[in-house]
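Shared between the two complexes below is chain A, which has chain B as its partner in the first and chain C in the second.
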Partner chain A sequence: MKKNNAFKRIFLSQRVIALSTLFILFVLFSIFGKNFLTTNSMISLLESTYYIICLAFGMTFIISTGGIDLSMGSVAMCGALIGGVAYSVWGMPIGMSLVITIVVCVCFGILNGVLVSIFKIPPFVATMGSSYIAQGLGYIVSKVQTMRYPVITSPDGWFKRVFYKTLNGFPIGVVYMILLFAIAYFIFRYTKIGKYACAIGSNSEATRLSGVKTRKWTMLVYTIAGVFAGMGGIFYSATYTSVLPGSGSGMEMNAIAAVVIGGTSLSGGSGTMVGTIIGVFIMAVLRNGLQTIGIQQQWQVMFTGLAVLLAVMLDTYRGIKEKHS
Partner chain B sequence: MLRNIHHTKKKMRKKIALILAIVMMVSSFVACGNKGSKSGDKADGSNEASNDEYNIEMVGNSFSIEYCNINVDGARAAVEDMKKEGVTVNLEYNASADSSQVDEQINIISQALAKQPAALLLAAADSGSLDEQMIAAKNAKIPVIAYDITFDNPPEGSLTATSASDSKMAAAQAAENLVLNDDIVSKIKEATAKKPVVISVIAPDAIMTVHRDRTIGFSEKMYELCQEWQPGAVEISGNDAFAKAADKEPSVIIRTDIAASKADEDIRNLASSVVTDADVAAIFVVNEAAATGVLSATTDGADLDREKGKYKDMIVIGFDSGATTNNAVRNRYFYGAVAQDPYTMGYEAMKMAVNVLQGGKAEDIVIPAVWFDADNMDDSEISRILYE
Partner chain C sequence: MIKESLIVSMQNIKKSFGGVHALTDGKLELREGEVLGLIGENGAGKSTLMKILSGVFGADSGVIEVGQSVVDYKDPSMALEDGICMIYQELNLVQKLSIADNIFIGREAQKGVVLDRKKDIENSKQILEQLDLDINPNTIVEKLPVAKQQMIEIAKGISYNSKVLIMDEPTAALAVSEIEELFRIIRKLKEQGISIIYISHRLEELFTITDRITVMRDGAYIKTFETCNCHMDELIHSMVGREVSWEKKEKSNVAVDAETVLEVEDMESPDIHGASFKLRRGEIIGFGGLMGAGRTELARLIFGADWRRKGKVYVKGKEVTIRTPNDAVMNGIGYISEDRKDFGLSLDLSIADNIALPNWELFTKGGVVNHKHQYEKTAEIAELVSVKMPSVKQLVRNLSGGNQQKVVIAKWLLKNCDILIFDEPTRGIDVGAKSEIYDLMRELIKIGKSIIMISSEMPELLGMSDRIIVMREGYITGELGIEDTTQEKIMELAVKNVKAGSN
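Moving on, here comes the complex of A and B:
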């Protein structure tokens, strides 16, 4: 009976619902969409997920602590922008500019961690502040100029051939996404960081009283999120070539939406990397699929909103049920 | 135990109902979206239906801006006109939320190309970041017609033709019309290094190609024109990207004032600081948002009233028509404005696409921009292209 209940719990989890939804959407668009199920369309769909996947992995860590990061998009773009300045203005090699992208984002991760764990500023406010700082820093360093990374065919375009797609069109970024997923999954599931993140999200005070240095682990979680934001910045510049000053604000909303749709509770205490990646793909399939059936962008925005609302309603419903059981 | 089973069944029913709700919602949209959209498909996936029937994708850069929707109206009108000549075009339009959403637009273009359309009409949000999509279109032998926004350096052979105004030339028209005003010319002539005259260019950003081009077009033309009265004493200051030093201490300063962000309040704050600057004699606003900022900072334009306004001597010039700018021009709060013709851009782009598909010659089409003010805006030639 216990086994049976466990099976049902898994079957009825939001992750399974999300996966079923993804499958149904995929089948529907494959049948009704114009050239949805073609190689080009699938490659385009995958490519549109690269940077969001990175941000969403980082966001899963943060949300599982009961926190939120409203700066992630701006930070990723600030890193990419400063990396772009390092390459095209300061004349640094492209490899160094990618390192700078990561370093900038990690610094913001540490800043967020310090604000939340040491200064005890609510994550919503702390990260909103750092979002503005990241945008402002990007404006200042770039002198409000769009930064352009080298195109794939140029000699310095090697980073695109390494991170984005090969010259024969293979979407090499997918390999990195699988790798990043494996790393994020492992850290979240099998290391202290993931376990303590959920413990902090579940009950911070009880976790602290049980001897866990919650400040240290919270800071580490935000720093890890900074690393993922940096990866997001690199994949963004590899995929889209141009980085605009002031852009990025709002990207984290897509990451949050994906995390929530995937089944991570906004109130913290639990999280799922598998769910997160499903969430990212639900949004990507919706975005690309609706276009293939001739529905314009404005409807897609509304649809994403509906999907998030449904996921949150389900999360709330589950929370109430758990409380009563 | 029975209670447990009953409870689980109930839970399961609720979740199945939820999945069904999602499926029904998507299905209804699928049904709506498919109305008439499949007519041109061929078994091989290509969308070129027959010699006289084409599936053409049109990708804009802002679905919420009236101007962009008028581009589409123009293209649709061309489709209707060509129908009378026996040519059927299935037009599908999509656009990013606004022109700063470069990544969103790239995804839309990639998806549009995946549909293997006969041709692609494109108003790029940032033409510099579309090299890979342009090469993909070229390799797939999909002609790309740029409309509204010109490409600076497209990959060789990837851009078939362009149907647009030249933003720099259009903005230069504003400068040429400004120096037809005797008052401003007197102020320029009388300006000294100690008491310089400032001509401000207000832009919401220095990032978007169109805003940059308009800023450059106006400020450089003004720089050139002012040399006649103040040789060597004219400078372009403000944003570093546009700066040009004077040979000596400047008497005329063309200042590029860029808002901190595109948020309405930032543009308004900037406009407010510009209009209260006693040295500023004229303002060129590069778009509707900047025009709105200036009007908001001048009590809906009342402070610019030519007879009793607080800033009655200040000359403001707009760019592009629209309800806000049109009203300001009609009330003479604005000295005038330069208007582009988005309808003709869309119309000609579509005609050119079909012309190319039918083996015709690809040619760039320059759609002229026009100067309008309170005296000529009701002339049929002008009012035809003004939109609200």
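Moving on, here comes the complex of A and C:
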């Protein structure tokens, strides 16, 4: 009986479900998709995930505290935009503009943290507000101009060769993703930040009454998310070269979807970086795969929605089960 | 007694919740047009009995008669139809709606599919007039003071043509002048032939407003007094005069010259009015009092969990600044909440993570968590307090109440807290585990810890404490050495009117 339960638990664990879903999707598209399983297609699939992975890592921290960050996409793009202005308008070296991107995003992270933990504004509202602020700031600083980063062959294009793909076509970004994953995983599993994030998400008052400075740690979590948003901004500009003012809103939705599909509960208290990265790839495989079997874009968006709903339903179902056992 | 004059009769009512007997022999007889006081300690079964009468839940067995007929209410709406209405302590009004909307919520007058607001407002006016209340029924409830909101609840009750109104601690949130107003209305209702059951801890109120008083204890009916020829001593005695089937602590084991580890001086907050006391090494101070006496509030002030107006805390003779729970923990104070699920534990985390919550510095080296060390150390301390578990990786959610409580204790032991505040340490814990918790507390005393124990259970207070401090309505009303404490003395202090008799 007990063994059966344990089996059920593992079987129902969203990480296992997510991983097998990814595997099945991958196999299906490999068989039925036209040109799905080719080097080029695989590389472009990978490259489309870079910035989303960054956002999703940051989002995992926030969601595990029971919060949400609706500003992440706008913030990342605002950072990238201002970085672009610094490079092409103010004439700063490209290295400096990357630093500026990060700094802008960290500032927004701190802002979100202050709003949520000190002013006690619900994360949903607080980050929605700062999402608009980020978009507006982007418009103002860029004077509503699209910012272009240097192309790969220009002298300043070194940053693309460093962050995106080398001259001989090696997708070097993958290396950074592995590195970032290791860092996110480490912080989440092996430092107080991760421990307190989950404790706050599970029961913030009990955590406070255990003598944990919950406000400080909540702020730190939002700040870290800001760092990840900044990384997302850099990888976006390295991958896509041009940054549109006012873009980015909606990217965080993809990140949230990935986190949820990966098995991090939206009610907080637990989180999984492994799940998150699986979630990102499920979405990417769905997007690219559906294309290769000839399904149009409008349908792909719908399928993503269905995937998210399924994941949340599973999460809720498990929650109900656990509470009754 | 003439049966005809009874509007409600409840006999032999039994009710248990998952094996815990809330009512073993509930009984209540309400005469037409009288105000009946209902009194008893916390957990005596008053609320359960009233919830059964008003249809919130059914009795396991027993007979309920309303008017002349036997009834068995399945839900509150059936009770309302028979004219029985309960007004809860925490009011059930929709704050953003108007008075009229609140009174007729769910049964609004309609003309076809359109709401007939005019009619509702007219009817509300009438009811308010009936109570001599001069308020515009269009007023948004939110804008009324609590006392007026309560009147609206009463108005709502009357609008159902109620014959029986049950009021649960109606004066808990009222000022003296507002209580007068409430009494005026109660008398008015009585004139109109409405019977009232009045639950309160405040004896002087019962003596003012009731015709008879029914006393309950440990889930059973004890006695009904005619208010006019009843003495307060008699009443108190019947509230606590249970057979002594447990051991009282004979005398305090704390040396007279034991070091003072905690001194609280003149604590004040909106709920607490100038509380001071000292706690010595190896001592258990019991905090007695009835619900709402302010004991938990005082504990939370000491622990820095809530804002305080003023007050000083000295730990081992040195004044310390405690503004947040973190400050308290840093000064060796641990708080074990009465509400484990909301304030004590993170149910979705493992035993190891819960115990580690204030203790992560022990398991991190250069900021890196050593999980192996964490599991070893937390398992060690969990075994010390004998948590029954397959492993420390087990989720706390799946533990019994007693074992959950031990996890909280383990957390503070590992933190090396010398001062432990136990708030209702055995609430929701079964009998066997209770004595384990008591043994654990005695062990803690032996190793030099000091304990503040808030408890509503007389046996617990008298069996564990070296000294007992009794509170009422935010005031400390007295302090008793264990040697000369009796249940009656505690109860007297718990119901004592502070303003009148603070001698």
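The rule is simple: the second predicted complex is superposed on the first by the 315 of 325 C-alpha atoms of A that agree within 3 Å, B and C clash if a C-alpha of one lies under 4 Å from a C-alpha of the other, contacts with A are read in each partner's own complex, and residues count from 1 in each chain.
Keep this in mind: a contact is a pair of C-beta atoms (placed from the backbone, for glycine too) under 8 Å apart; a residue touches a chain by one contact, two chains touch by 3 or more.
These figures come from a predicted structure and were not determined experimentally.
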(request) In the superposition on chain A, see if there is space for chain B and chain C together, and answer fit or clash. (result) fit
(request) Report for A:189: first if it touches chain B alone, second if chain C alone, otherwise both or neither. (result) second
(message) With both structures fitted on chain A, tell me whether chain B or chain C touches more of chain A's residues.
(response) B
(message) Just checking: does A:166 make contact with chain B only, chain C only, both, or neither of them? Give me first, second, both or neither.
(response) neither
(request) Give one of first, second, both or neither to describe whether A:316 is in contact with chain B, with chain C, with both, or with none. (result) neither
(message) Looking at A:148 after the superposition, I want to know if it touches chain B, chain C, both of them or none. Which is it: first, second, both, neither?
(response) first
(request) Could you tell me if A:270 is touching chain B, chain C, both of them or neither one (first, second, both, neither)? (result) second
(message) Applying the document's definition of touch, where does A:212 land relative to chain B and chain C: first, second, both, or neither?
(response) second
(request) Could you grab the smallest C-alpha gap between chain B and chain C in the overlay, to the nearest Å? (result) 15
(request) State the interface residues of chain B toward chain A in the complex, per the touch definition above. (result) 1, 4, 8, 11-12, 15, 18-19, 21-23, 25-27, 29-30, 32-34, 37-38, 41, 45, 47, 63-64, 92-97, 100, 102-104, 106-108, 110-116, 126, 128-129, 131-132, 205-207, 239-241, 258, 260-262
(message) Quick check: in the complex, which residue numbers of chain A touch chain B?
(response) 1, 5, 8, 12, 17, 20-21, 24-25, 28-29, 32, 34-35, 38, 40-41, 44, 47-48, 51, 135, 139, 143-146, 148, 151-152, 236, 239-242, 244-247, 287-288, 290-299, 301, 303, 306-307, 310, 314, 321
(request) Report the residues of chain C in contact with chain A in the complex, numbered from low to high. (result) 303, 305, 324-326, 328-330, 335, 337, 342-349, 353, 356-358, 360, 364, 367-369, 371, 397-398, 411, 415
(request) Going by the contact rule at the top, pick out the chain A residues touching chain C in the complex. (result) 189-192, 195-196, 198-199, 202-203, 205-213, 269-270, 322, 325
